[in-house]
Each structure stands twice: as structure tokens, then as C-alpha cells.
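Okay, so chain A shows up in both of these, paired with chain B first and chain C after.
Moving on, here comes the complex of A and B:
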């Protein structure tokens, strides 16, 4: 579920592919996969630029109109801004919490280490709606009532995003020779400087992988945001949901297309950065 | 570049749970000395070395470097160069940056850093590789970078944890001598950890043989080789004739030991009459002569039959069955007279090369 590191695909082992009786499997499955990955966004795109409700074959637009984008422009921009206002602090907080936790899990021995390792992965197996329900109780009535909903949403997103930051960093730290830090120490570096100058640079690609995954998790979150939000906060998924709820499928499609174009753009940039940041 | 300091380890103990790793170790290392901790894995040698470097504290005891108590100082305040078994080079830095790392932390002027890096890279023969990254170097070259990085800071003490164990046999032998020459040139007090007795003999001024958290013997390579203080040392440094027996009579420097092969004279440390001992005798200290030929009357001698003969080039190895099934292994130097399988031979050796060691 969580990729260790965004590594480029390894070269194929042999050119021939499958044995003759099974040759059809590869093209068939690939074609099926591609269709089901690209058909939903194509349908949405068609719906959002169609000038009427019905689509040709249920997929292609019958006429072109950008009227919906024009009308919902301010709402789209606002939801992108709200999403960023939550995703950026979530990424930062996940890094600040995730890095020490990952380091402790890989390098230190302490009581409860196994328990902590399980605990940080819990949000991956927990249905988000259940977690959201619990958080809602805490923040709306419980001891944290009165905390700004922005803070509540960032905290909620951080909890469910942490495994996406921690797992790639753990995998990277396990590949770093533990003696490297000792060497830096013996050469005169304090513990923090030894880590920052000799370990951190080596694990930067994995940190960026974590950043991309946490960012994706945060901007696509629906359940947690929905239960913790107030009318003043409208992230991209919330805006899409509200647009569909308002009765216009086409408006929903327009908001969905615009916001996701932005999200995909950010993640593509991060992915490129992960590949480029290897300087040795 | 001489910056020799003396090191004193005083009654150091360390346990991990119920496992005693160091059992009250005391060692004094002279300034400029090349000292080796030799022992099997688990004897505590690496734990002690890491402790000297600041990676782990003793449960009790003190470590003094140049008169300063460093027992509880963090590694970065100890001024010890450390060469790790895995080399632990910084993979994202060039050779030059690796070597300069410790100098930059000392905030030396850029020109001095540059000249010092050039000097140490020259010493290890890697001037041409300064701009490479560690991954672009061979194992032997990486090893040299690790050594250069450790000596660049001109440490009071150089610590090396099995630094040659990841190299192939040929390279290991060559780097051994280079290391020894470099250490003498710098005059730096050095502690070297290894489980390879041949390596320890080749590089050290003195060797400490360790076993189960205790010091078994401290001495020069010649002392360790020629006069092992315990059965463990004898066995570990390759004495492979061990004949069990009982001390009959102790007279000054030598004892008479009764063995299955008869009464044999041996040197000893503090054996008493009636004690069970093993008589240790190096194969290369035994000479062979055809039976019946007269040999010097002093020393030990036993007649027997050659039951195995293997020509190995530099030496010929024999097994000679003497009395009551006792077999002596003999290594005869190249060029010595060959003895055929089944022939009767006389084994003889100087008394001082036979050691009665408490069993």
C-alpha cells in the first residue's frame, strides 16, 4: 500500500514476454486497466464542458461550453486555497513528527517500540470515517472543543497521513549504515549535526516521497474534513461534494476537474523532484 | 605530526543484562604504541574499543587519555580517530569532502583544510581520486579514505575496528604493512581490533589477547607467539599440539610432565606438582631426524612413525605417531630432508618451546 520509494521501473528482464498460450493476458489486462483509469475522468471532463446534460454514448460531450467553469471560478479558487492552507501545514507537521518517530523506530531501543510501530500504522487500516467520528467528538464537544477548525483539520489529516511519511523514511534509514553517524561523531560532530549532515542528505529522496504521499492524502481527504469542518472551510473534496449536493452534476464535474488538475500538477512536480534529487 | 598520547584503561567493567562483556579490564598503552586487541568474536574487544571512542560507557572503571578522564565524554569531545569495519564513508560526499569533514568542524581556515586534505590523501596514495564519490572506489580505496579521514584531524588516538576484514586476502596483507608504516611515520597511538592472529602479529607493538571479557595475556608478538600464558592463548594463536598430562615435579623454570607419550620437560608459568596441564608445542618448533641419528641431548625428544606427510611448498606438514597413540603435528621448513610415510623418525625440540599450561 505504501511504496518504499519512488524508484523508476526496472528494465524488463526479457523481451519476449509471456509464453505463447498466455500472450493475450498482458494486452487484455493492460487495456482494461487503462480504460478504467482514464474513463472516469474523461466522463467528468466531458460532463463539465458539455452544453447540456446528456453525453454521447454516456462518455463524450455533445457540445462545448465553459459556462460552468466561469460561474464556479471563485468557488474553485477558494477551495484550492483552503486545501493548500490545510495540506501545507499537514505536510510540515507530518515531517516534523514523522522524522523523529521513524528515527526512533529504526535506531533506538526503548520499551513499547513494537507498540509504537503498530500504532503509527493504525490509520492505514482504520476506516477514515471511524477516525473522523472520534476526532469530531474530541474537537466539537470533548476536551479540545474551541480549537480552531483549521487546527483540528490539520491535526486530523496529520494523523492519517503520518504512515505515508514514516514508512518511506524508515525504509531509507534502514539502508543507511549506522556507523556513518558514529563516524561523524568521532570527527567532532554533535548528535544533531551528525544526523543533519550525514544522514538527512542521503534520505532526502525518501522524505520527498513522503511529502508527495502526505500531500496527496491531505488534499484528497473527505471524511475527516467533512466531520470537522465549518461553513467557512471548503476544501476541494468538500466543494465537489457541495456542488453535486446542490443538484447540478455538471457543476460538480466542473469543480472536480478544475481542482484535480491542480492536485495532479503538484504531485507530478514532487515526483519529478524525487527523481532529480540524487546527487551522487 | 606527532601527537602521541598515552591511554590508560582502569578496571573497566561492562555487562549487558546478565552477560558480562568486560570483566575488570586494565590496560596501559604507551604513547605512539600500536596495540592490538586480539580475540574471538564475543570476547569484548569491540565493546572496549567503542567505549574508548565514546560509544558506550563502562559500568565501572575509568578511561584516561593523556592524563584526562574521558570516561563520560561524548565521542565528539574525545579527539579519537575511528576507522569502522564498514568504513562508514559519507556516500553523498566526495573523497575530498569526506576527509575535510572533521577539519571543517574544527573551523580551520580553508587554505589549511585544503593542504591537510592533500597531505593525508598523498599519504594513502589517493590524490588522484579526491573528486570521486565512495561508490566509485574499490574496497581497498574506500578503506584508505576511511583511514585518511580519521588521521586528518590529527587525533590523540587512532581506533580501528577490524578495518581489514572486508578486503580480500592479498589486499589485506598489503594494507597491513602500509598501515604499520603509516602509523610509525605519524607516531600516533593506535588501537587495532582483530580476530586474525596473523594480522595482529604483523602490525602490533604489543598484543592483548582477550577471552570472555578478560585479558588472557599482554605481550609483544614474539612473547605471545613463543610463550603463551594460557591454554586459550596457545590454542588461539595456533599452537596445535596439545598433549594432556600431569605435573610430576616442578624445578625452577621447568616442570616434568607425565603424558601418555612419556615424561616430558616443559617451561611453565606457575604450575605445581600434581596439577593437570596441557603440554603445548608448536609444529614449526619440532625438528625431525631419522631414527637412530644422534641429536643434541638437551631438549625434548620422542621417536615415532610418520603417518602423514603433505608437501605445502613453504613447509611440509607431517603427523608423527609417538607412543600410545599420541600424534605430534610437525611443520618442517622448505629444503629440509624429506621423510617417507611409515619411516621411523626422531622428533626433537628445545625445552623452552614446550609449555605446560593449566588445563
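Moving on, here comes the complex of A and C:
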């Protein structure tokens, strides 16, 4: 048998002569997505600083005026206050309830550990509207009917936010060496003191991440708040929704922009704090 | 650990630590849902839920499956279910595609990734209501899209009707969940070694061939997981449908249907019927979650040793 010469490798072919290079799909998609994300908020921003109703090209303000913000200042501040009055207790409660769960899941072995790991994610998976419906019954007609709506809403927000607090703490605790805690115990510290002095300072960045996530979740919550609220409570999403539904579009845009700035601002501050804390 | 009696100290401690969480979960989520579940089979038209303020006792309930049958057979209900499944499937598919495009780009251009990530993260920081209203006004008759298409270029005869359509809800949900999809995809592609692509190119494959024959098969389980994840999220999404779907007279999805029925409780419909809807929604969501976990656990078996998912 005559040995054949090995066939040469085929040269790379350019696919499709008239189409743009395949690799352009990726930056094109990215650019399209970025435009899709930033253009609508710009429309809202322009609506809120416009001095009249019509926008240039539908997107740019014709003239800048902050009159809308001045007029709706009290309403905005009040909705910020209401949202904070719910978000802050939610964050605290999530921390107090969630930290022990994270610790138990990472450090301890006990029957039911696997089940608990699944249950931690349950509030995330469960449809919020069904949860809100159940809570509504619980607090309006059921055993907790006399409870203040503020408390009800805080409890509702906490239950859906707990996974956001627990997961980062679990990740952080998994990275912490148990030897440090054991060393503290061997030197005579009680379990709580050992934890607070050796482990807690190290996981602060992840706790802050959890705080930011819970805060964001609480500030943005709509369904649970809507079903449990009374007319006197007006959190930011509720205020925005009511403004738009009643036709005050520009007012709604102003409150929406203020809400965005507030929410994004607080979260950015928290994230910066996380990064600075990580640096020691 | 030393055992004192049947239960070790470690177990006692663990149960004590998780007690508040378990109590909250049981009291605020599990118990009400059980009650809803039971009530969904009730033939009575009363308002309360069993154990939760209902005047009748468990034994008085007339068990019936009519509410579930009504969900499956009444045309309005069927439309709601189909709309919900349809919108979720479309959003999941679109976001999977967009996620692949942007996620891959981010994974292979590490210098640009933080900037892109920051922009793409914005929708998850801002409340959903503001994003949805932004889209509402962006697509409104006075917004830029109609301004350009209708007033300037005159490609269309009248302003695009946006609210109250299937597309509107899809667009809204896309905006809300793009962050999730892109981030998950970016992580996925970061896990795939670029050396594989280089090897493929050195063997003469075009970029397109490398992408479809090397990258996609490797990423496939992750793509499936992301698809299911987004599908579930969109199924329970509510704000987009409420604002952009035209309300009760427009395109209705399951969460919105439940909400509308709650609002009209005194006027029409029964509590039990609402409960049936709630159970159906929860069942689909939980099934989806089980599917997601199944895919992820099978596909990423090696990387998730001992991790709590």
C-alpha cells in the first residue's frame, strides 16, 4: 500500500461573505442591552426636570426646572421616611434571625441540616403574591388581626429577605478558618464571646452585602406592601404607583427619580463600605 | 461530641439557633399556605381560611375539585395560564440569548466587564416600579420611540400601541430580569477555559464553528439552568403585567389574576377559587425550582462539593 501524503489542514474559512463577522454579535448584543437599560430611565429623568410636558425628541428636556421636585418635596420625603421605617427594622430582624441560621448550617452537624438548607431558599422560590395573600389573611382576619400594619409589613419583608442575608454570611463563614474560633475557646472564652470577637469582625463585609441586598429588597417591595398596607402608609413604590395611576405622570417621574437616587445611593455607599472594610 | 441522652449538645444548640427562623417560616409562610391549600378544595363560599379566622370548622368543608377544574376549563382562566406560560417562555428564551451574547462578551473582555456589570446591575437596584414606568414612558405616544417612528420618520401611521399587549409585558420583564441572566451567563462563561477556544481556532475552525461546536455544548447545562431560573422568575412577576399589561382588561397573567380576584372578593368570586389559583402558581413555581436544582446538581456535580445551593 502506498503511503499517502497527509492532507494539509484546511485554511480557516470566512463564513458568509456579506454578513458582518460573527464575533460582532457579542458587542452588538451588549450595546443593545445597555441602551435598553439606560434609555428609559433617562426618559423619566427628563420628564422630572422638564419645565413643561413635552420632551424634545421624546427624551430630552426642553428646559430644566426643578419645580416639580420642590413641589413634591414633602411627599417624596414622607415616602422615603415610610420606606426607611420599614426597611431598617427589616434589616435588623433579618440579621438577628439569619446569622444564627448561617452559623448553624456551616459549623454544626445536626439532623435536618439538609432540609434546612433547602428551606432557606424557600421564600425566594415561593411566588410573592401567594405569600402576600397568606400574610394578608393572617394579619387581617386571622390570629394576628390586631397587629399594626407596620409590623405586618416588616415581618413580610423579613421573611422574603432572609435568604439574601443568610447566603452571603454562609459564603463568608465557609471561608473562615474554624481554628481561630477554637483557639479562642481554648483560651477560655465562652462560645458567644469567641464568635463575636474572632469570627464576626471578619465576616463584616459579607454582612454588609446582606444588609445591602435586604435593604434593596425591602425598598423595592410592591406586592406584599400593597396587600398589607393601609392608606396611611406610603412607601416609595406605592407612592410612585399611585402617582402614575392618578395621572400625575410628572410627579410620579419625580418621585421615581428620587427613589432611584436614594436606593442606588444607599446601596453604592454600602458596597463602597464593603470594599473599604475588606482592605484591612 | 458528647451525647447527653438521645440528642447531642451540638444538635440542641443548632436547633436553638435556627428556632426563630423556623418559627417565622412556619408561621408566616408554611401555615398560611397549608391553609390556602386546604381551602382550595372547599365548596363553601365563605371568606376565611381554615385555622385563620374562618367561621367554619374543618369538618364542615365540602371537598370539591371544582375550582381546579374551572381553572383548566374556563376560557378566561385558560387564557391566563397560557399567557403566563407563554410570556415566561418567551422572556426566558430571549434572556438566554441576550445573556449568552452579553455574558460571553463580559467573560472575554475582563477590562470592560466591571463597567458593563455596573450598568446592567442598575435594574436590580432600582425598584421594579420605576423601571417599569420608565419603559412605559419610553414607549408611550410622547416617548422617543414613537417620536422617531411616528413623528420624525413617519414609518407608521399612528403611535405604536404598547400597553395592553403581550409584547409590552415581555419587554418589561426583560428589563427586570436582564441583570440576573447576564450575571449568571458571565459566570458560566468565565468557568470555560479560553484555551479551548484557542485550541479550536488553531485547528482551523471559524469563530462561528468554535462557538457552536465547542462553547455551546460546554455551556449547555448552564444555559438550561438559566432558562428554567428566568422562567420561574417571570411566572411570578407581577409589576410588569400590572402596569404594562393593561390591567384586568388587557393581557392577564396568573399573579395579576390572583390580585384582581382578591380585590373583587366581596363582589364576585370565592376565596376558595383564589386559593386554587394560588396553589397552581405555587405548584408550577416549586416544580420549576426542583427542575432547576436537578439540572444544576447534575451538571455541576464536581464543583459543588459540600456547597449549600
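Here is the rule we go by: the second predicted complex is superposed on the first by the 247 of 280 C-alpha atoms of A that agree within 3 Å, B and C clash if a C-alpha of one lies under 4 Å from a C-alpha of the other, contacts with A are read in each partner's own complex, and residues count from 1 in each chain.
Throughout what follows, a residue touches a chain if its C-beta (ideal position, glycine included) is under 8 Å from a C-beta of that chain, and two chains touch if they have at least 3 such contacts.
Computed from a prediction, not measured in an experiment: that's the story for all the values here.
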Partner chain in contact with A:22 - chain B first, chain C second, else both or neither: second
Partner chain in contact with A:190 - chain B first, chain C second, else both or neither: first
Contacts of A:202 with chain B and chain C, given as first, second, both or neither: first
Partner chain in contact with A:141 - chain B first, chain C second, else both or neither: second
Touching partner for A:105 - first (chain B), second (chain C), both, neither: second
Chain B versus chain C as contact partner of A:179, first or second or both or neither: first
Superposed model, chain A: greater residue contact from chain B or chain C: C
Chain B and chain C footprints on chain A, overlapping residues: none
Partner chain B, residues of chain A touching it in the complex: 177, 179-180, 182-191, 193-194, 197-198, 201-202, 279-280
Complex contact set, residues of chain A against chain C: 9-15, 21-23, 25-30, 32-34, 36-41, 43-44, 47, 53-55, 57-59, 96-98, 100-101, 103-105, 108-113, 116-117, 119-123, 125-131, 133-138, 141-143, 145, 155-156, 158-159, 162, 170, 174, 216, 219-220, 222-223, 227, 236-237, 240-241, 244, 249, 252-253, 256-257, 259-260, 263-264, 267
For the chain C and chain A complex, residues of the former touching the latter: 10-11, 13-15, 17-18, 20-22, 24-25, 28-29, 32-33, 35-36, 47-49, 51-53, 97-98, 101-102, 104-106, 108, 116, 119-120, 122-131, 133-138, 142-148, 152, 174-175, 178, 182, 201, 203-209, 211, 232, 235-236, 238-239, 243, 255, 258-259, 262, 274, 278, 281-282, 285-286, 289, 307-309
Chain B residues touching chain A - in the complex, by the definition given at the top: 53-55, 74-76, 78, 80-82, 84-86, 88-93, 101-102, 105-106, 133, 135, 146, 149-150, 153, 159
